[in-house]
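One chain, subunit A, appears in both complexes that follow, with subunit B as partner in the first and subunit C in the second.
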Partner chain A sequence: MSILEVKNLTVYFKTFAGLSKVVENISFTLGKGESLALVGESGSGKTTVLKTVLGVLPSNAMVKGKLLFRGINLLETGNEELSKIRGTEITYIPQEPLAALNPLYTIEDHFLDRLILSGKSKTGILSYIRLRRKISPKLKNIMLKYLEKVKIPDPERVLKSYPMQLSGGMLQRILIALAIVSNPSILLADEPTTALDVVTQKEIIELLKELQRDLGLSILYVTHDLGVARTIADKVIVMYAGHMVEEGKTSKVLANPLHPYTKGLVDSIPKLVGGTLHGIEGGLIDYINPPKGCRFHPRCPKARDICRRERPKPVEINGRKVYCWLYGEE
Partner chain B sequence: MPDYILEVKNLKKYFPITAGIFNRIIGWVKAVDGVSFSVERNTTYAIVGESGCGKSTLARTIIGIYEPTSGSIFFNGIDITKLKRRERIRILRRMSIVFQDPTSSLNPRHKVVDIITAPLKVHKIGSPSERVEKAKELVKIVELDESFLNKYPHELSGGQRQRVAIARALALEPELILLDEPTSALDVSVQAKILNLLKQLQRKLKLTYILITHNLGVVRNFADHVSVMYAGKIVETITVNKIFSEPKHPYTRALIDAIPSVTLEEEELVKKLGLKIKPGEPPSLSNPPPGCRFHPRCPLATERCKKEEPKPVLISSDHVVFCHLFS
Partner chain C sequence: MAGSTIKHYRLKLALYKIKHSPTTMAGVAIVAIFVFLALFGEYIAPYPEDAYSIHIERKFLPPSLDHLFGTDAVGRDIFSRVILATRVSLGIGVGVVILSVLIGFPLGLLVGYIGGIWEAIVMRLTDIFLSIPSVVLAMAIAAMVQPTLENAMFALVIGWWPWYARLGFGLASTLKNEDYVLAAKSFGAGWGHIVFREILPNAIPILAVKASLDVGYAILAEALLGFIGFGVRPPTPEWGTMLSEARIYLPNIWWYATFPGLAIFLAVMGFNLLGDGLRDILDVREIS
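Right after this comes the complex of A and B.
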């Protein structure tokens, strides 16, 4: 059963220089208890997609398409239901743990904010003083329970700590605890391990997988690291310059990439077993005047005439999808 | 006898921790705590380890940005820590450094041509027009077009910025280049291009590299020798071929274990060589654990590890490990 269905999502930004056509026609479904990775290089629109699902795009954004959460379109405005879904049913782990927490408040304060105000407050100190009076043994137990769920050693001490006093790995665990305390069904994660070193990264990924299993969470995981995508996600969507280029089972896509961009990426990774590194020529896409047709054509060694004119349609091959004129009909 | 361009012996770099209005010293951050290794000319020597283990401090101490606390650094056989300032500056010209973040390491108000020729200007080499000629040559070497000389850093992509940083590092025709996470801020498709460029320059210009990285995949594809660092100390020194066939130190194996593999082949290698460690944090460098610094996280630790610091054990002529399991 799908819990989130994204249909033809397009996100443009109005800028001084013109309309920036960042994300175009993204479609995918996220099943219950499933994990899906959105991979792509810097600037490919991954965070933009996540922010759209979460409903936190800046005001210069223009959004088209449908975002169906259990059949409800989240893009319909003026619906009270929606703001409740986002922040409780759909929650988020950000990329930069320190930036996401308020340095002036303890971890306990952050929990209170989530538990009582569902994180919607952006509260000043006054309301915190009011909130602090509400700490009951019951609330405290919930906090401790969640800190234990994310395997924080010495949770009593951690509750009283300020963000600056904790390591990056600890903070990321706390952000995960804060994200699951409302018992969400979907967890959005934006490169939650990029700032961590590999050993800690592995621990966090294992934790997320465990939570996914135990709580039946669906996870949409953004990363630029194909290895991380392979470790965490059953399914992967590869994005290039705001377009989907390939979709399928992660292990299959990486073992046998169909799209020239995916192939280029896989061949660029320095592997432990050695081999020649290739890299991809060119780079940097201008979203105000994006390449016509296939957005990858200026960098594609296989580009033909039609690639410069027409956008490739999805072609299904063995349960996978690829957007490239090398496959299927012209 | 191997021809060593650099020999680092028992190098230490401590940073003071101060407190109070009189900045009283209350302790030391032992970022580099007795590190020794030797780099053969024309090869690449990698230093790997988690963030905060002292890699950058080591590089900055070698190149003279930091004054060492103790120890020696022999460059072409001369201990540069013993030299007078003037003499040292002259010798250090034969070394350069490329930093991790090409955005913050390039002055945003300077054009590429001025960035690349800055080291020449500092050392008063050549006339202004000769320096521009040199800059033209250098951008070509890093495979950029001459038109880039008049651009500002913000007009360049991350990969192009790192090419500019490499061109600058080549300006004084160094023999040894320290690469401090030169590709960590770049996308993999760009990283591959930069690594290939660096390799090609190494052959062409007979360069020696010290590569600081946390990415073992990069080590595998780029380096000849490697030292693994943990909490300010080297725990294992080994050839790159051997680290992926017979790593010995539990921490080296933990690093391998943590790699998210991209292919089945890689996954099998990781499973074969990796060692799962106890969850935990890297230790504090001001108050490291006694004995072996890795013992609180090491699954193979014994009582001895808690008390006694491991001495180097020679596994073979190019393989040293600091661990009681092998003594």
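Right after this comes the complex of A and C.
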């Protein structure tokens, strides 16, 4: 059963230099309790996809396609309904934990705001002022419960702390707690472990996997780190320059990449033992005048004439999809 | 509880910073003295009735123990009048800034966050106001209406609020790109929550610094209005008006103009030092 279905999502930005064609024809489905990783190098449009799902694109964005959450198209319904779905059903874990919390408020204030915004507490200015002065035991219990869920030690003290008094790992746990406090069905994670050290990174990933299992969360995970994608995601979508290049089960895609770009990515992972690094020649494309045909062809070692003329169609191989002219002709 | 210790910590830190910055201490002391004089002027001034009463037989007495700052053209004690004028001058200075902040700042924050057509309308409106020198604008307005305390204040506010709209606009348009604003938005926060709960508190330190500096300038501008006769009318004691009366007796009756001038100078300097000190004290990111 799919909970989120993205169909032909295309996002352009109107800029001074011209129309920036950042994301084109992205389609995928996210099932209940499933985790999906969007992988690609920086600037490949993966965060744009995530922001589109979240509904926080800047005002110069033009979005086409369909974004179905339980059958409701998030790109069409009126604003009222949207803000309810986004923020309660679909929540978000940001990349930089310290920057994502207002420096002037304690963790308790953040929780309080969050509970009010998601409709779990009474709204209205008077009750708000009362709550800020003294928090009700019921709300406090909710906060403590969720902090314990993300394994925060000494939650009472943490609630009274300001963001800059806590470590990055702690803050990321708090942000996860803030995200799951409204019982969402989809969690969007924008490289939540990039800013953390390796040990903390592993702990956060373990935590996310545990929550996914216990709460039946679906996770859409954006990362440039194939190692992280391997540990967290069931399915992976490899993106290059705003196009999908490959899609399939994580273990299969990473073990046996089909698309030349995926191969290049897998080869670029530094290994502990020996050898020079194999990178991919060239840099990311100009989004205003993208190359015709396959967007990867200028950097592709196996590019042929057809790659320069036409966009590749998806080809299904063993339950995986690959967008490349190398396959499917046979 | 940890929360209360943090609050005490902030207070202690502020006091520590004040103690270790002599200029801030001077600013706080000067402003405190002027506020005290404004509140309790009648009880401190040796001749409180001299605000309005005339003793022509005592005119132009030089400074002495009886009359510390001497007497003026109609025999009023200048020391008492400088003290009594504090309430009017300081009241206008603070009032002008508070009113301008209340009108301009939320407006600027809102349009800075919302953008679009509202930004265009409000910001071009402020451009129009700012293209006219504010003192000239205040003079024009003050000349049209009765020269009373309230009108002098409104005349200054009309030229002053656009600065705060601009400040709020600039702050909102940078702060709205902060990650915590995005995070709040992703949790379904509306513009009210984002502008007043996420952006405004982070903008207050900068606002406080500018506002405290501006109190000094507002006192100066108001003294100027008084000096050219568009401000408070005599015999109401007010520093600018007193200067204007004294001008024709310079340089012989030097004490007549010197002491109101000194009062203006001290008040402006006090608020400037205070503003500079606030810049350091309100740097919230330093606690931890």
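Quick note on the criterion: the second predicted complex is superposed on the first by the 307 of 330 C-alpha atoms of A that agree within 3 Å, B and C clash if a C-alpha of one lies under 4 Å from a C-alpha of the other, contacts with A are read in each partner's own complex, and residues count from 1 in each chain.
We take it that a contact is a pair of C-beta atoms (placed from the backbone, for glycine too) under 8 Å apart; a residue touches a chain by one contact, two chains touch by 3 or more.
All of these numbers come straight from a predicted model, not from anything done at the bench.
Undergrad: Per the contact definition in the header, classify A:Ser161: touching subunit B only (first), subunit C only (second), both, or neither.
TA: second
Undergrad: Regarding the shared-chain residue A:Val56, is it in contact with subunit B (first), subunit C (second), both, or neither?
TA: Only subunit C is touched by A:Val56; subunit B is not.
Undergrad: With the two complexes superposed on chain A, say which partner A:His224 touches: subunit B (first), subunit C (second), both, or neither.
TA: The answer is first: A:His224 touches subunit B but not subunit C.
Undergrad: Which partner does A:Asp113 contact after superposing on A: first (subunit B), second (subunit C), both, neither?
TA: second
Undergrad: Over in the complex, which subunit A residues touch subunit C? Could you list them?
TA: 54-56, 59, 83-84, 86-88, 91-92, 94-96, 99-106, 108, 113-114, 117-118, 157, 160-162, 164-165, 175, 178
Undergrad: Which part of subunit B faces subunit A closely enough to touch in the complex?
TA: 50-51, 157-159, 187-193, 195-196, 214-218, 220-222, 244, 254-266, 269-270, 277, 279, 281
Undergrad: Can you check the complex and tell me which residues of subunit A touch subunit B?
TA: Against subunit B, subunit A makes touches at 41-42, 151, 167, 169-170, 197-203, 205, 224-228, 230-231, 251, 254-255, 264-275, 277-281, 283-284.
Undergrad: Which stretch or stretches of subunit C touch subunit A in the complex?
TA: Against subunit A, the touching part of subunit C is residues 1-3, 6, 115-116, 178-180, 182-190, 193, 197-198, 201-202, 284-285, 287-288.
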